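In the two complexes below, chain A is the common chain; its partner is chain B in one and chain C in the other.
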Partner chain A sequence: MFKHLFKLSWNKRKQNFLFLSEILVSFMVIFAVFSLLTFYYLNYTLPKGFESERVWSIAYSRNVKINDNDSLRMYYENIRRTLKAVPEIEELSFSSSNFPYSNSHSTTGFTYKGKEMSPINNYSVEDDYNKVLGIKLLEGRWFNKEDLNQKSVVINQTLKQAMFGDEPAAGKIVGADKEEDKWKVIGVVADVKAEGDFWPAGKSFYKRLDTGSFKWVGDILLKVSPKADAAFESRLNKLLARMIQNSNTEIRHMEDTRESKNSDTIIPMIICITIAGFLIINVALGLFGVLWYNINQRRGEIGLRRAIGATGSSVSFQLVSESLMLATLSIIVGSFFALQFPLLNVFNVAASVYIIALLLSIAFIYLLVILCSLYPGKQAAAIRPAIALHEE
Partner chain B sequence: MLKNYFKIAIAVLKRRKFFTFISLFGISFTLTILMVATAFMDKMLSPSYPDYKRNRSLYITSVALVNSKEGWYNGSSASFYLLDHYVSKLKIPEKIGIFTFSGKANAYVNNKKVVMEYKYTDAAYWEIAEYQFLEGKPYTKQQIDNMERVAVISESNKRNYFGDIKSVLGKYIEADNVSYRVIGVVRDLPRSMRNFYGDLYLPYSIIKGNYKDVGLQGGFGAVLLAKSEADVPKMKAEYQQMISKVPTNNKDYDKIYVNADTMLESMSRKLFGNEDSAGISKMIAIVSLFILLFLLLPTINLVNINITRIMERSSEIGVRKAFGASSRTLVYQFIVENVILTLLGGVIGVFLSIVCIFLFNQSNILPNLDLSLNFTVLLFGLLICLFFGLLSGVYPAWRMSRLNVVNALKAQ
Partner chain C sequence: MIRLQNIEKVYRTDTVETLAINGISLDIAKGEFLSIMGPSGCGKSTLLNIMGLLDEPSRGSIKIDDQDITRFSDQQLAKFRNQKLGFIFQSYHLINDLQVLDNVELPLLYRSGSAKERRELATEALAKVGLSNRLKHFPTQLSGGQRQRVAIARAIVGNPQIILADEPTGNLDSAMGNEIMDILINLNKNDGTTIVMVTHDENMAHKTHRLVRLFDGSQVQ
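Let's look at the complex of A and B:
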């Protein structure tokens, strides 16, 4: 059966060449789109890892004219105390500018046992940071007063998996070879999807802000109570302007930044899907037309088949399987190219994404070809042998 | 002769309506996408409100300090000191406008939050950028020197902050607890005009904090305006010579990169280039590769359909060949037919593009970005059409011209 089908297609390899290349190119397009969608979907199903509801961020410019480290610390500790005393503010933490959804990045990297670990997101945080964001602790502990002037670090699940696998990480020493870059892991936290709901958390490194860092820190994160409304925000803004001299302050709600971060992903995705969708409709119509025409060309052959006893359904089955045969050839070639992506680890995306996308695209192409050849096949089944052979 | 071909082409199109529909659908849809994309590019690159002098402007937007031994890199925008002390000494530029990149400030009106992007500028900025003033006028050099707290605001900012009132001149607007007297209102511009966008324009002399520090990096940018387009290369050369003499004054870094780029250069540098090269050729290569790949699928589809249709006409071809038509005539005829078909698809494509652009402008996905189908875009569309017509016509025509007369006639 297969041998027969293959022979039929092979005999017409010249005519089928364009048909094959068309399916091949559409297969690659579909594969690209499905890879993207699978990547986003798999990330979307992962937990967010923290709570962005009722979290506000304050960005302030550092125009205070205090050069002495201790006085600067006093100045900002005073701001902290004042803010803490506000009843609507539940938790508060100074943070480096790369908090979730902030569009700011800071990365570091090192090799561990010969394995390249970069890029690692480098967060500088305080003791209450995990309470503000509700980050879940999986192992060990979060920072506290004991970590003053200690080289302690909290890592996230992804980095832990990459370095230690399933072994416990607390107490291990990580970092670059140089002595001053050695850090002691004190805890492991759940992954925080800081780039929006559709992107993976990546590897993360949390360090404690030290006493000298008020020179460069410019952000405060707040967890506010449900009572905090626009009137409160206006009061807070006034309070900040009074406390932080000479500064421009900006209050943002993390839920809003999350939405805009997500739409940065969703809008290009929708454009992509629309364009690919139109391309596929285009291809489907083309395939349909060509198959239909081919069947009309083969009226004589089909008439003969019917005359020597083939049933209508077996003729239409034969035509559909012929197209599937051609599709299979294209898919084999296409899969060869597609498999290079997981093998070469292109774009550093997990192999499972490509494999799922590959399976989906194969199913999609088969479905497309079946749909396009079903109607022409039915037409062929309706050919009456007497009329078809009479024409010949 | 052409008239005859035209008649035949229309007759063939009418014969198999389904195939005609497939061809036209493919052509017009592909063209629509390309035309909308070019309308975007055109909007980004060619002069538009308020930056009408783009063709004779160079923009300084970033300063990079590099330690070539350790590979350290520190990128930021320029400092006021660098622009004021070095760049403004240039002879060739007619005008030099200095501005900061916008930052955000909050204001609260009746417990409603208003977010504005503030931007500090000098006086020359207002002469280079041709903002449309709905009321009032920009601040002058005199007002900047006097450190007056005056502001020019955008139309949308006026609406958000003051509500629906006729004139706001002389009223006070408060941002971050500082009040500024409004002296002008300008028409809104799209967010994509990164160098010019703002809701609240203020004199640079009243910046909070110290902007006069002796360093190379700060929050500033500049636009250099040449007297004519022909002067731009000269201006660039003078700039390069001057900037190569600027000392880094920083022991950690031994090299500085400050580029004065045209709009196209600064765009390609951001996407594909680095400090040394603007990456224009790389951008052209990547973009054309992408367009080619995008065109591949509809083209193969069209070739496929064309071959099918041509084989359908084998008897006609056979008869014409039997009566002495040369292969060349037939190929020529078929290509003309195909070009007519693609042009027809092109007309539909233009119509669809107009609809798409209209819908895009209505939807306000990118506020104030009004795309338009201008002459350049139309010309580009026409070229794509011809390219399409030739590409998808040549191979089928070649196949057809090789048809054997006997076989072609026998097929009947």
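Let's look at the complex of A and C:
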């Protein structure tokens, strides 16, 4: 029976072109949506890699008119001391502007044994940065005073895996070919999902801010105590205004920026799902209509099959099977295109994302086709052979 | 072979009741070739559909091969039709998207048996109707007479005891009609198949063993 149905479907492929096209288009749309959702979901299940709770960022404009490096350092060290003396502030670190959820990016490349890695997120941080964000150390150590005037870097787990695989990373020299561009890896930290909960950490490394960095650094990260409330924030604002004169300062809570960053992903995702949902409803109605039309066109054939020994349920089963067979033809074509994504590493996304999305799309399309063909199949089973045979 | 007792068929709509068959009783012996004649709308096809278990009578009983099929389930009826009955229709009812051989194999798909067996039986049936050279053709590539021969091959492929033919020569010219009639007569004579044929053609009807005439749903001869 399977061979018979396949032969029948194949011979009717021209008449079934609309059905095949509808399935193919919806399969590709579903594949795109599922790829996106799988990508987001898999990233969401990964640990955040740091603690954003009770972390505040202070952005300040660098309007201070001090040209001498030492004086500038003294000026900012004074600010650090003052802030650290505030009981509500537990930890503090100056940072480059590309701290987590900041919408600021700085990337570069590294070479190791002739193998080039790029892009790599480049974070400039201080010795207490890991304490402020609670970043977990996996290997080696974080920065300390020993690293003064040393070319030391801490890398994240993703970069370590990409460069060294399962080998230990601490002590390895990375960078460009020139001697002055060589850096020594002193530690490996957990991946930090800096772009929100739905995005991967990517390859990252941390460099220690040097004494000349205050010329361009414009952000301070604070870990505050649970007692830090709105009144404290107001007091802190006033304190900052007094300390950093002629500067605009802005305090932001990292949890708020995290929510905002996540919204940047969730809102387009919802729009995408809604549009795809409407498309699928249209496709489902289309499929239903095509199947209904086909059944009405095939009343004579259905009547004949009943006359020569088909039961009502076998007629219904045949129509559902034919729909699934046609869906299979479209899925085969669609899968050919879908498989190019992992094979060609499109968008630099892990192959597993596309494979999961492909399997989900196949399951979804089969489910959709079954749902759309069940009722027409039932109607076909109810066709009375005597009437159907008399009509032709 | 076929015993119809006091068969009535009433078609009902919301407002109208139409009596299509009015108390017909008929015995058809095994190996008999019976023709049914009558004007259009007299109930010939309805009677044939009832004999073929494609339609239920409103009243009366049907026995085929000594089995009372009145209380058969859908599944039992389907099996019975598949194994005991063969159908030939005026408009052939071939599936145009299937080759001749596949069309003839159709009834065998609803019983057990291998693809090879099905192929052999279908080829044999087509040989009986003289279409061995048209196995791979599609119905649209055949003449009307050839299509009807394919339909006959499909009807006999499962070796049924009874063939029910609804105006099998109705769409054919007299030469083609005679060819088809000869095939049916040979089937009846050589294989002992019981044949019930509805026809409008007196000449064809007179070639059968017995003629039953209907008028307004009742048997008049």
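Here, the second predicted complex is superposed on the first by the 386 of 392 C-alpha atoms of A that agree within 3 Å, B and C clash if a C-alpha of one lies under 4 Å from a C-alpha of the other, contacts with A are read in each partner's own complex, and residues count from 1 in each chain.
Note that a residue touches a chain if its C-beta (ideal position, glycine included) is under 8 Å from a C-beta of that chain, and two chains touch if they have at least 3 such contacts.
For clarity, every value in this text was computed on a predicted model and none was experimentally measured.
Q: Check the residue A:Arg384 against both partner chains and state whether it touches chain B (first), chain C (second), both, or neither.
A: After superposing on A, A:Arg384 lies in contact with chain C but is clear of chain B.
Q: With both complexes superposed on chain A, which partner does A:Asn282 reach: first (chain B), second (chain C), both or neither?
A: Touch partner of A:Asn282: chain B, not chain C.
Q: First (chain B), second (chain C), both or neither: which does A:Ser93 touch?
A: Neither partner.
Q: Tell me the contact category for A:Ser373 with respect to chain B and chain C: first, second, both or neither.
A: Once the two structures are laid over each other on A, A:Ser373 reaches no partner at all.
Q: Is A:Ser152 touching the first partner chain B, the second partner chain C, both, or neither of them?
A: Neither partner.
Q: Looking at chain A, does chain B or chain C touch a larger number of its residues?
A: For chain A, the partner with the higher number of touched residues is B.
Q: Between chain B and chain C, whom does A:Ser330 touch in the aligned arrangement: first, second, both, or neither?
A: After superposing on A, A:Ser330 lies clear of both chain B and chain C.
Q: Examine A:Ser21 and indicate which partner it touches, taking first as chain B and second as chain C; both and neither are also allowed.
A: Once the two structures are laid over each other on A, A:Ser21 reaches chain B alone.
Q: Between chain B (first) and chain C (second), which does A:Gly303 come into contact with in this model arrangement: first, second, both, or neither?
A: Second partner only, chain C.
Q: Please output the residues of chain A touching chain B within their complex, sorted ascending.
A: Result: residues 18-19, 21-22, 25-26, 29, 59, 61, 63, 65, 229-231, 233-234, 237-238, 241-242, 246-251, 267, 275, 278-279, 281-283, 285-286, 289-290, 293-294, 297 of chain A touch chain B.
Q: Going by the contact rule set out above, which residues of chain A touch chain C in the complex?
A: Per the touch definition, chain A meets chain C at residues 1, 3-4, 7-8, 11-12, 300-301, 303-314, 384-386, 389-390, 392.
Q: Can you check the complex and tell me which residues of chain C touch chain A?
A: Residues of chain C touching chain A: 45-46, 49, 52, 54-55, 74-75, 78-79, 81-83, 87, 89, 91, 93, 95, 97-98, 102, 105-107, 109-111, 115, 154, 158.
Q: Could you pull out which chain B residues touch chain A in their complex?
A: It comes out as residues 18-19, 21-22, 25-26, 29-30, 33, 103-106, 108, 111-113, 115, 118, 176-177, 208-210, 296-298, 300-305, 307-308, 311-312, 365.
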